[in-house]
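Note that the chains are named A, B, C and D in the order they appear, and that numbering of residues resets to 1 at the start of each chain.
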Amino acid sequence: MPPAPRQPEDHRDRPALLEARGLALSRNDEPIFGPLDFALHPGEVVLVEGDNGAGKTTLLRVLSGLLAPTSGEIRLAGEPLTLARLSPQVALLSHANGLKPELTAIENLRFAAGLLGLRSGLSPTTALAGVGLAGYDDVPTRTLSAGQKKRVALARVLLAPVGLWLLDEPYANLDRDGIQLVNRLLENHANRGGAALITSHGAYAYTSGTPRRIALRGGNPGGGGPAGGSGFSRDAAVPEIRDGFAAEAAPADRSNSGGEA
Amino acid sequence: MKPGSTLAACAALVRRDLTLVWRRRGDAANPILFALIVVALFPLALGPEPEQLRRIAAGVVFVAILLAGLLALDTLFRSDYEDGSLEQLVLSPHPLSLLLACKIAVHWLTTALPLIVVSPLLGELLHLAAPLRGLLPLALLLATPLLSLLGAVCVALTVGMHRSGMLLALLVLPLYVPVLIFGAGACNAAQAGLPFAAPLLWLGAALVLVLVLAPLACAAALRISLS
Amino acid sequence: MNDFLAMGGYGAYVWGSYAVFFVVLAIEALAPRATRRRVLTELRGRLRRREQRNEPSA
Amino acid sequence: MNALTLWFHKTGSPPTAYRLAGRIMPWCYGLGLVLGLVALYGGLVLAPRDYQQGDAYRIIFIHVPCAWMGLFAYFFMAANAFIALVWRIKLSEVLAMAAAPVGAAFTFITLVTGSLWGKPMWGTWWTWDARLTSELVLLFLYLGVIGLHAAIEDRRQAARAAGFLALIGVVNIPIVHFSVNWWNTLHQGSTVRLMGPSKIDGSMIWPLLLMALATHVWFFGSVLARTRIGLLELDGGKDWVRAIALGETEARA
């Protein structure tokens, strides 16, 4: 077993929402990522960084339970995740938004609410307003711009009564306001005691709080030296995981250039 | 109905799929047109003699509806796969097989049921024998849900492939053979004055069995192809 | 001998069947060899790519 | 862990299985060839002429063993697919998919030889006889499994999907057989029984059984040959495969 993850004080008493141990995936025996060891506690936002093809999307699919890992295990709130019984505590935002172009924004959200349930205090309409699309209720999703579709998809995530968000490239297609919106949503979610794992291909934009980062190097263990003082990595070469406190936090102006698809 | 309950999820799914069919209602007539064209090809190929057409009428209508259903199968998961809603379905906390059963039911209602409704017309084009006018829709009513359910399992196996059309036919048709034999066989037996209840009862029994097993198999197949 | 080949008038059918039997099984037995060669070539290509990828960083 | 599971784990590990298959495979091929030739001698030369069918019946010595093999290979495939899906054993996935083309080949031979036998006996190349029809559906089932396996990029996912289809097919086979039989009684006219209740002489039965044995042994040889390739593909990045891939270059150079 790897050493226990080092955590900020205030999360120690609560169980990890998500815990990965020795998590690795390969396809046709080509390693995609891993082995990875990390934990996600309530109130945390973790940024998964990596170049195109580094396995970020695949990692999120594994963590959500769509894909079985080649080795290792995932625990959600202490319970092992199995394909037979997926966890009801996860909301996934993937590249495909999961929206029907023929339906209006509100119809899409209503369906999502029917499928996953509603977060208390929210309704499809308020969620839509919460992502800055108030008044867009009856607009067919097909006519929305890529950024607006992304916002509707974010509203779907917001609406789901779950603790764990897995967001794949949430900043893609979004303008400056949109990026700030994502950050605000993530912050609120973390303050409520939720946790989020988000991916970004380098141009990250999460500026507030203390984002911890996981750097994925794909299945190529050749590059990258061991990260000094990393308590998370089983194999020092893959992956490199750093704690993203003060020194590592993104400068505020970076958010302007971030989020390019 | 509590939001988040399995019942609410099924209702939301059924409502959404019906809405989608309604929004794309232009496409809904395609299977009917296809079956009509296939049936019309037979007199053109074989000649217009009523006696000859009457002999093969039930079988031809059966095959035409089977093929139309095969073409319609592709739409079962394709758009859901492409826009990512299939993932959301799989990730929902409700039993996937139940949700899929709802999807298949809506698909059957919107593609196969209209075909059954027009089957008397198709039969009339081929001078279907009078005693079969009631029996053919009944046999179709038992057979088409079987076709939809068995087809759904195979579609789930090929979901995500770019050109799955021919492969899907290859996977599905061996499974359709018994359904076709009993469905069309019942009609032929009736036409020949033989007892025809047994094949219909077999179809009914198979339907009950497949109704339970196919959604489970479909869910398992979908999990394999989405991984 | 001719009698044997004629198979009582059914020669074409009997020998045809046996020909099909042998030809199909021969193809069936030779096919893995071709596949094996292809797979190994692919593997070598993959290994070469991997080495090239590792060299600059090593 | 008891000794048996340990043995399974050891033998089931790809490098061991690869080596073991390599050692057994030539024996299967060789034994199959020798037994097959002896059976052919018995069938073509020693066995007496049939009083009803003349010499045409001699097709039976390949037709029937191949028909048995077609079914046997399917059940072999389905059993391995079941093990692969339930216990996720790599070797079973590979074995199941290795059996598919071999079974398809035997089924194909059955159909062609049946047709060649039918022409002089029934006066037609093809008849919608219950057996022939079932056999045709069996061939389609094989082709579906092979097609699905070839259409999916990821090898393990492909094996799982195709294995799943093979399992559906194994339920389908008896149903098809039953339905085709029923259908055939409805259209009695075209039915001709290929093998009547005529007594088979002992001098005819032993080449038949020997040939069945030969095809079984041959089947395992062929499956093992394909299994070796499947294992190489599946474990492409591992050291043992690397050694084999590079070793063969040296051997050729």
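In this section, contacts are C-beta pairs under 8 Å (C-beta built on N, C-alpha and C of every residue); 3 or more make two chains touch, one makes a residue touch a chain.
Just so it is clear, the structure is predicted and the values come from calculations on it, not from any experiment.
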{"item": "Label of the chain whose CA centroid is most distant from the centroid of chain D", "value": "A"}
{"item": "More contacts between chains, B-D or C-D", "value": "C-D"}
{"item": "Cα-centroid distance, chain A relative to chain C, in whole angstrom", "value": "49"}
{"item": "Inter-chain centre distance, chain C versus chain D - centres from mean C-alpha coordinates, in Å", "value": "16"}
{"item": "Chain B and chain D: spacing of chain centres that average the CA atoms, whole Å", "value": "33"}
{"item": "Centre-to-centre distance between chain B and chain A (centres being mean Cα positions), rounded to whole Å", "value": "39"}
{"item": "Chain C, residues touching no fewer than two other chains", "value": "46"}
{"item": "Of all residues in chain D, the ones touching two or more other chains", "value": "233, 236-237"}
{"item": "Interface hub residues of chain A, defined as touching at least two other chains", "value": "30"}
{"item": "Residues of chain B touching chain A in the complex", "value": "3-4, 8-9, 11-13, 15-16, 19-20, 23-24, 79, 82-85, 87-94, 223, 226-227"}
{"item": "Contact set on chain A toward chain D in their complex", "value": "26-31"}
{"item": "Touch list for chain D against partner chain B, complex", "value": "137, 140-141, 143-144, 147-148, 151-152, 157, 160-161, 164-165, 168-169, 172, 175-176, 178-180, 182-183, 186"}
{"item": "Complex contacts: residues of chain D adjacent to chain A", "value": "153-156, 233-238"}
{"item": "List of chain B residues in touch with chain D within their complex", "value": "153-154, 157-158, 161, 164, 167, 170-171, 173-175, 177-178, 181-182, 185, 188-189, 192, 194, 199, 206, 217, 220-221, 224-225, 227"}
